[in-house]
């Protein structure tokens, strides 16, 4: 298993924990990650709403690089993932657009054929590696802890296009958590948005949306929340203090993790290697429990 | 068993009453077991004399369940059920019998819950009234005479003709085409009921044993002049005759009224 | 040869068509693929708008039909071949065995009691289980056990002979073979009915994912006094009486989403929802019932009265809006229904104990096979296509073959019964209402 | 009260059904059987787990023969569904079928007293005793065979009447088809195109009319109406009048009422009648037929105009489809015509009408919903017709200047419906539509030999009307020259010696089943009698017996209920 790794700018700019943990755990499961030379922004969301052809061009360009490497593309970020999936679709149904983009790409010696497959980390872990293999890699099971899973809507609710999991009833992240020994449970707000897409237009709304979800997670007795999306993580974890303020609820504290971080912990890796010190939500008590076994 | 458990009869028409009782069963809606149902094809079959008869035998109450208007398969002339019921109530009141012991309920065949509620509350109502004064082995003899007289009124040609024509009289007027209002008719009906009722009481008393006007007056608590008026009228009808004359007072006896 | 007619499908429409024909002295062959007649109506609790008990009014008809000297009922049967033409169809029917000699069987039930196999009972919408040898329901006509070969251990290679041994009269006959019956009939009436849309396709409502989201047919079994709960509306997750209930209308109907549901209105769901709501309110007056709808389609005699009764008298809440999603509280198994009230524009969340998805009526899956056998066309959805929806609305595309009931589109019981009589008339007179078809 | 049957005591057999657990789990069945054995008149009593099963019925038949039973009491479920089954068991064993009485110990006992076995068992004993008391007095009866006149009258020459006439004529029945207008065709004559075929109404109608006119078995009377109907299925005497004169008399054995309905003209509603730009759908059909739509740019249709309100709560079923169809035709006529349909609930149902809805929307017809509490308003402002309506969807009032306002008004019963109802004793619903006897028999009516189909029964479209016409044909064709009465044993018989000829029974009979004979004595026609018993309850001379529900039988049942003989 070998993928062209596309961390994406959000991850590279401020979600180091995700990249760090992904780079630690994936190779240990036999997933080889190859960095992409000359990759750029995927175009989403900055261009997608105001200048679609620029967005398509940027996405296609990154996909073309992966094609030139002869590898499938693994973006870490849900936003990038959707951006590639959507672009792929547009270029498939619109050959003229594809051609005009290819004209531009040819100038730097790239061609986009459309043969590249876009992988999602959930698919890589759940479908390619497999739950069993992950289970077998666990040395320090996360027993006795109940996690709310939050796969993130970009990955699963991509209207009509290929989605990585059942949009109404996503279960892959749950399966992956069970493989680590953790408890999971469906909850009503599971597929609810984190609110981050409103962050620029109405930051307060974002905080309220995320806050309501966290409140429910807390009320239902979860010990923490786990995600694979840097946007969602950013809101739930990085902005948790702000959420507390917006909700007027200082007791609203929910430990938030990337799945790759928990996977790493379960594999017995040192917390420092997994970027856990960058999590801003109160993860210490959970961390202690896991480390104590 | 402690306390008093009323015994009740329910008349049900086939298409609604019986159906709704079945539906209560099908829906497993529970109600107390004090009532026994009797199926009629239609409640218009219900002759007041039948109900008065079973009351005279000591049943504690009678419930009649018929179709709500618009719910009946026998749609036409459905109001006859109510006419007969009101006539019967009038007779019960005349006889001094608690008319709350009879009830007429309208239902759609789908109202199983309502049916059970009605049965329930009727049982409670009768329970509150206590046992019928005519139940048991020693019924109130005066009341028994009264209610038998009422039954006889209900079987009387004149009264039945009046009740049967009521609808037409109010709707189309009398044979001369003169309009008759419900109030006028009610007055006529009251007079007729009063008259027939006393007739029948006298007749039933005389059937037991012949008696003089004075004795009848004492026994029935009716002014002797009134009794005499009735006797005179009844002689003309061929219901009574003089059996013998004791002293100066004629002793009257009832004649078999030919069918 | 006496005139005879083949009726395919033993639901209420097929039964009525058969009775109409037989009462006119015409010989009828009624072919039903189940081991009993009665169809979907036998599973229903009450009719609308008159709230009659379904099985109570259907059972006499089933019995009359089964006993009618002019009607031969072929249960467990399917039509496999139709040759010839109007006036002289040559039909082959395969009759699968019951594996029970009904003339010997005393209906003592010993075989059923002893049978070691339990499978979900389809008649009870899977809420209960039945044995591999079974009688589907107490009023089944014919009232006789039959062995479901698919789940029976004897046929599964296990060599089980428990029922044979249990039977005091030697009525179990494993050796019975399917037989093919050849019939000559002058015309054919198709009355194969409908099947219910599987709302699993609309993942947002969580059917089969959330215990307390059910279909109308499941609901009918739950409130039926003959059902698995004896008529108590208990919710599947915990057996508690459901007191907050919601109906979601147009599930799978009136859908213009690609690949989801059907675009047409199923025509009966508004009324059965109202009926079911009234049933709940009559049984549990303190319950809260909500109906989410797009349009209230109460278009026949007394239909609006039933709606008014539900809404104005019994306090059933009608909210105009099609919910976007149902979610489940994992601890209580209560459901949250998210919706927009389109009258006010407000977004709301309703918490309920039980949700009923008023699922669309679909053509039967096996219509495709049957249409091939009959040599007739189906419409774009898979309903039997009629020659001309106006003047020959009950005629299929092959002369002499007629339809009635839900096999050519959704309709209610009353309409199905009317059509059954109409089809019976056409099947005997061949009356055509258009001049071009009159011929002679 | 007299218990007249003391002397002759027929042998009664009592069968108690356990109905599996339904009865057996609540009522002490063995105790009930033991009790029944002691009830006066009972010669044999037993129990069965399912009395109505084939084997249960065989046991009953067997017992009747073995124990020489003369009356049968089945203590089981409700006679409404099961009496017929036990009646046929009787017949098979040679016992008259009317000698069965059922005691309903399931629906009216075990199911409603589930928590009190003891009381339920006591009640069941009472019910069995009552049934035995009645059974002892039951008399055998044979449903009479009734001669039937083979001819058929069809009233109304619309599609439902035409289709029943045609189909029955094809079966060889002689049909008299009476139409009040000069031409056959009914409502279809006034229509433009028909959905779902979108063919000209006249085209479809003509092919049908040709067949009717060519059919030698159909005798057509146009411009005629039924003046009077006397008699019964053995022989209805029908008088037909035209221009106020009786023009024809003939005899038939069945009458099919297919008089249709008419479209409400709602004077005053939404300004109808005040401005010629405010019309109803029927007027629009006329305009479409005559291509009389010059200068029309905006058409606003208002649904439920005069229906689904307090006065007429019913939905008229066809108006939404009509509006959609006409809107679609308007758009096809010219894309410059804007069409708005203002509706409450869109009544499209089933495959075809849903397709019509979709096609109409695709053609750019705008649908605007209104709520009951804020109906549209139509006013004339500066010479224009202005329609205002509050749309809950956008939460705003919308205003249209309309060149045509088309009101979708409901079907209402025709004026002559009540006249026919009187003549034929047909029940009507509160609005005047004819009402059938039973939901599962939508084409059967209380009066023998009289049928109703089409919109006279309730609003419906042409396709549905045709089906009903054919369906009614199927019912009417059930017998030709004779039939068995088939109404059970309840019927009235008048004692001619007692009858005084007062006529009250004739007045009150809902079935038109009583008539005076030549000497003025009332006579019942058992073929027509529905057995309701109003005559017996009202007869001043008490001269009428309702068989199967006689005074004696009812009295015996009542006395048995309190378990006693009459008081001295």
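Which chain is which? They are A, B, C and D, in the order written, and residues in each are numbered from 1.
Note that in this section contacts are C-beta pairs under 8 Å (C-beta built on N, C-alpha and C of every residue); 3 or more make two chains touch, one makes a residue touch a chain.
Because the structure is predicted, anything quoted here is derived from the model rather than measured.
Participant: Which one chain sits nearest the middle, judging by mean Cα positions?
Facilitator: Minimum centroid-to-centroid distance belongs to C.
Participant: Comparing B-D against B-C, which pair counts more contacting C-beta pairs?
Facilitator: B-D
Participant: Name the chain whose C-alpha centroid is most distant from the C-alpha centroid of chain D.
Facilitator: A
Participant: Mind checking the centre-to-centre distance between chain A and chain D? Centres are C-alpha means, answer in whole Å.
Facilitator: Inter-chain centre distance comes to 66 Å.
Participant: Quick one: chain B and chain C, Cα centre-to-centre, how many Å?
Facilitator: Computed from C-alpha means, the inter-chain centre distance equals 50 Å.
Participant: Centroid from C-alpha atoms only, then distance chain B to chain D, rounded to Å. What do you get?
Facilitator: 34
Participant: Find the geometric centre of each of chain C and chain D from their Cα atoms only, then give the gap between the two centres in Å, rounded to an integer.
Facilitator: 25
Participant: If you look at chain D, which of its residues touch at least two other chains?
Facilitator: 78, 80, 111, 429, 435, 438
Participant: By residue number and range, which residues of chain B touch two or more other chains?
Facilitator: 19, 22, 26, 28-29
Participant: Going through chain A residue by residue, note those that touch at least 2 other chains and give them in order.
Facilitator: none
Participant: Quick one: which chain pairs are touching?
Facilitator: All chain pairs meeting the touch criterion are A-C, B-C, B-D, C-D.
Participant: Chain C touches which residues of chain D in the complex?
Facilitator: Residues 19-20, 22, 50, 53-55, 78, 80-82, 84-85, 88, 111, 162-163, 166-167, 170-171, 194, 196-197, 199, 204, 207-208, 210-211, 308, 313-315, 317, 345-355, 357-358, 371, 392-393, 395, 429, 433, 435, 438-443, 457-458, 462-464, 466-475, 477-478.
Participant: Could you list, by residue number, the parts of chain C that touch chain A in their complex?
Facilitator: The contact residues of chain C facing chain A are 203-204, 206, 209, 258, 327-331, 336.
Participant: Can you list the chain D residues touching chain B in their complex?
Facilitator: Checking each residue of chain D against chain B gives 1, 78-80, 104, 106-109, 111-116, 119-120, 122-123, 126-127, 130, 425, 427-430, 435, 437-438, 446, 490, 498, 502, 504, 507-510, 530-534, 536-542, 546, 549, 551, 554-555, 557-559, 561-562, 564, 566-567.
Participant: Please output the residues of chain C touching chain B within their complex, sorted ascending.
Facilitator: Per the touch definition, chain C meets chain B at residues 46, 50-53, 56, 225, 230-231, 278, 282-283, 285.
Participant: Can you list the chain B residues touching chain D in their complex?
Facilitator: 7, 9, 14, 18-19, 21-22, 24-26, 28-33, 36-42, 44-48, 50, 53-54, 56-59, 70, 73-77, 80, 84, 116, 139, 144, 155, 157-158, 160-161, 163-165, 167-168, 259
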